[in-house]
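Labels run A, B, C and D following the written order; every chain starts at residue 1.
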Amino acid sequence: MLKGFNYPLTPKGKSTLNPPPPWYYSSDFLNIEFWSDPAAVAALLPPGLAPDRTANGHGNALFYDWQFSGENEEYLDPARYQYREFFLLFDALYEGKPVVYCPYIFVDNDAAIARGWTQGYPKRLGQVFQTRYYAATGKAGPGLTHGAKFAGTLTSGGQRLAEGLVILQEPVTDRSLLKQRPVVNLLHTARLAAGAQDKPAVHELVENVPRDVKIEQAWVGEGSLTLPVAKGEEMSDLAPVRCGKGIRASMAYIVDDLKTLKDLAK
Amino acid sequence: MLKGFNYPLTPKGKSTLNPPPPWYYSSDFLNIEFWSDPAAVAALLPPGLAPDRTANGHGNALFYDWQFSGENEEYLDPARYQYREFFLLFDALYEGKPVVYCPYIFVDNDAAIARGWTQGYPKRLGQVFQTRYYAATGKAGPGLTHGAKFAGTLTSGGQRLAEGLVILQEPVTDRSLLKQRPVVNLLHTARLAAGAQDKPAVHELVENVPRDVKIEQAWVGEGSLTLPVAKGEEMSDLAPVRCGKGIRASMAYIVDDLKTLKDLAK
Amino acid sequence: MLKGFNYPLTPKGKSTLNPPPPWYYSSDFLNIEFWSDPAAVAALLPPGLAPDRTANGHGNALFYDWQFSGENEEYLDPARYQYREFFLLFDALYEGKPVVYCPYIFVDNDAAIARGWTQGYPKRLGQVFQTRYYAATGKAGPGLTHGAKFAGTLTSGGQRLAEGLVILQEPVTDRSLLKQRPVVNLLHTARLAAGAQDKPAVHELVENVPRDVKIEQAWVGEGSLTLPVAKGEEMSDLAPVRCGKGIRASMAYIVDDLKTLKDLAK
Amino acid sequence: MLKGFNYPLTPKGKSTLNPPPPWYYSSDFLNIEFWSDPAAVAALLPPGLAPDRTANGHGNALFYDWQFSGENEEYLDPARYQYREFFLLFDALYEGKPVVYCPYIFVDNDAAIARGWTQGYPKRLGQVFQTRYYAATGKAGPGLTHGAKFAGTLTSGGQRLAEGLVILQEPVTDRSLLKQRPVVNLLHTARLAAGAQDKPAVHELVENVPRDVKIEQAWVGEGSLTLPVAKGEEMSDLAPVRCGKGIRASMAYIVDDLKTLKDLAK
């Protein structure tokens, strides 16, 4: 009997990319609100999701520094169980219900790719960095104070694809600021068989089911984001028309489920 | 309509990890023959494959320096369309027919992960290197001559997982040396839904269907391989009992199909 | 007039590896105390430093996650101005005065190599990771609490060269625990001219002159360290005979000076 | 007695970044001729070098895939002894003699940084790729034939800094095409001591002394190059006004000397 949740499946299940769920996460993150051309947002929604006209192209860009673990202290191998991530979320409607959809996401770790694809996140490899907060502050380490600056960058395939900045104003007291719409993704597994390349093995609209979400040390301020034009890339079609709030916080949560909303292959 | 074969699916299909098949490959490679404990080989075969008792634990370790392209000169973006690969193939039987099975494989590129998972190759990220042959030879560049040495190494998750060496003896004149059994893989896509984590979305025995395989500049000699013990890894269970021939050559081929032998999920 | 402190020197001085001093640093770090074979420690001291016989082979292994900046908010380009570091310090005597000497150090950033070599730190490239503390704790994010575990790893040239672990016991109340002897390094610049390869251009004993050192959030507990044997590497000659205290803390400081103790080239 | 040519200096000399000279190299390379604004070229020359007015801003961009070795088969550890490089060379005059000067150069390997700085090459880390030629050609592997295309790219600090293309026309029959002016560099070692930061420890004009240069498999055709604008970088000030020939070839040579032309510190 081979063991393993994601590849590879092996006799002992030790070499597998990921321990079995539940999956535990802790992180620091930047969240930058912005508005893109609503037509560009509408163009990237999969079947089953409708544009949220009232949102007017509203999205969020997120930079995460993650630590991940299964049940067995995997986080004590930080070379494998830390990773960095950048992604975009855009407002949309599923059967009239407000949700967000993730069209682009980048990480620097293969296990994170595997978990992502298992949840409908269309991850590619990228180099992601965000300014860190350290308890020992100074000119190289911004504090959690009014005016402190935190930047993020994304490079993939050797090209700079995103740059963001958050300038803190005040601690978040209104927790509703930290609420997020449910994430609805396109779960997709291609099929290579010659006659079936247009019939994916899996093609579903799925809803993420995070639990035990915990947000700490949250500050809010101004956000700004650029999505530069790059060869062979189309994320810049979503370049911000204007930017809004910026948040910097820590977050922990658990993932051990996924809900299929609709099988699009049928 | 979203476009793209692998993730992400986007309005223009430019940001996708891979162009649609056919997929074109050129490479240099090292191929090292060895024998593992037959029980260790038997233990890693998926349902539907039987140990090849006459093979006595026979396998091959391969180091590849690849260049990849679709139909649109993608190879002219070498930062994305080159990658390096290490994998193991073990002799097995499918319905009595001699095949090989790939339990472990490592690449340094996300598009190669996506293509691999689409073909049943259980790819993880790794850093793979092999000694190169250059037309301008010298003490840093072995020629294609008797006694020339070519080495390969694999590191993943910060640990050295394989080291190989080929010492050339003579050009390959007997082309049967270059024949390979069909590769039969386990095509596997996990399912995260809470009640279905033991019911993968895809779980099939598949046969690779390479075409237009071209091998050039092939030399044969002695091979040697080590698979060191590493924390949290079990590839070392296959550590060679003895080693055999080593080959160094260039190879090109095309992939645009995959054949399902058996749906194991049913 | 060309501008730049380290290479390259250019018309505007923007492309240089480092802004001019002062250099500002913030970090999180692990510090693991251990004892090596005193003969192995004595063997690696440069001329001018004597073994500290009372120290009995005492050293410290340090894992740092750094953020760096000059005067112009360079830390807002985190892809260039963050880096990770591992190094060893061993007790020694300079003219009878207790100091520490750094024989091995690894970073993942070229600007850090340039600054290091300018201060006598013999830096090589390595991949360094340490478990992070996040305000949002959980199974993937240890808190600053009794029993919490923080691990560190180093890989260089594809081989695992160090692994460390700190298990927290209590906050540091006795600040003398955080004191460090002065760091005395070998400042060395090789000379390639055919007749002068044994006459380095620079070969001095130098003392580091950190200022405004600030340590926050310090916890102390047990430390453990391994320095595995690796091909072509000799750091494992210093493998711990036993280990001592472990510390986890945040640190900030400024560097803008270096003191030459002795010109060894003369 | 500590051993080692470059850092670190250790009891056995095994851990050092580089074996002692002679240093052996083999490679494949692209060489693209272009012309920049002559004023931009003049602005980057160090004292002792004069603009070559007749050259009219003439330079060369080079992409190299290197293999390196000392006397002890170091090339059999390809994870450490292979690297990729991009650099620019501009025509200049030293005491009226035609030479070339290297203002910018990028590699992906620390030992190559150490050797470079020892020869006056102002190396930074970068990710460099060039299209490879394989004996097994196809849509992913251009042959050495009329019309074949070879591309190169450079990324550093997460930003794309150069892109080049060579389209082959014919084998090089006129070997004078492959001649190169002597490379004259600025050998520079900064000094951190508070009062001496404007008094580098080493500041010399040096001439490279390659020997046993061997060029094979050379083809010539058209070259093209772009040097995109990037934040915090000034290489784009040299963006080509026009481009000229492109060459693709293999090269081997040996380095074991360096000639000081002028001590600029005096």
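Points worth noting:
As a convention for this text, a residue touches a chain if its C-beta (ideal position, glycine included) is under 8 Å from a C-beta of that chain, and two chains touch if they have at least 3 such contacts.
Predicted model only: the values in this text are computed from it and were never measured.
If you compare A-C with B-C, the chain pair joined by more contacting C-beta pairs is A-C. The most distant chain from subunit A is D, comparing centres defined as mean Cα coordinates. Centroids of subunit B and subunit C (each the mean of its C-alpha atoms) stand 39 Å apart. Centroids of subunit A and subunit C (each the mean of its C-alpha atoms) stand 34 Å apart. Chain contacts: subunit A has residues 77, 79, 127, 129, 153, 155, 158 touching two or more partner chains. For subunit D in complex with subunit B, the residues that touch the partner chain are 24-28, 65, 67-69, 71, 73, 75-79, 81-82, 127, 129-132, 134-142, 149, 151-153, 155, 165, 212, 214-217, 249-254. If you check the complex, the residues on subunit D that touch subunit C are 2, 5-12, 14-15, 17, 20-21, 40, 43-44, 46, 77, 79-80, 103-105, 109-110, 113-114, 117-119, 122-125, 157-158, 186, 188-194, 197, 201-202, 209, 231-235, 237, 255-260. The touching residues of subunit D, counted against subunit A in their complex, run 127, 129, 153, 155, 158-160, 230.
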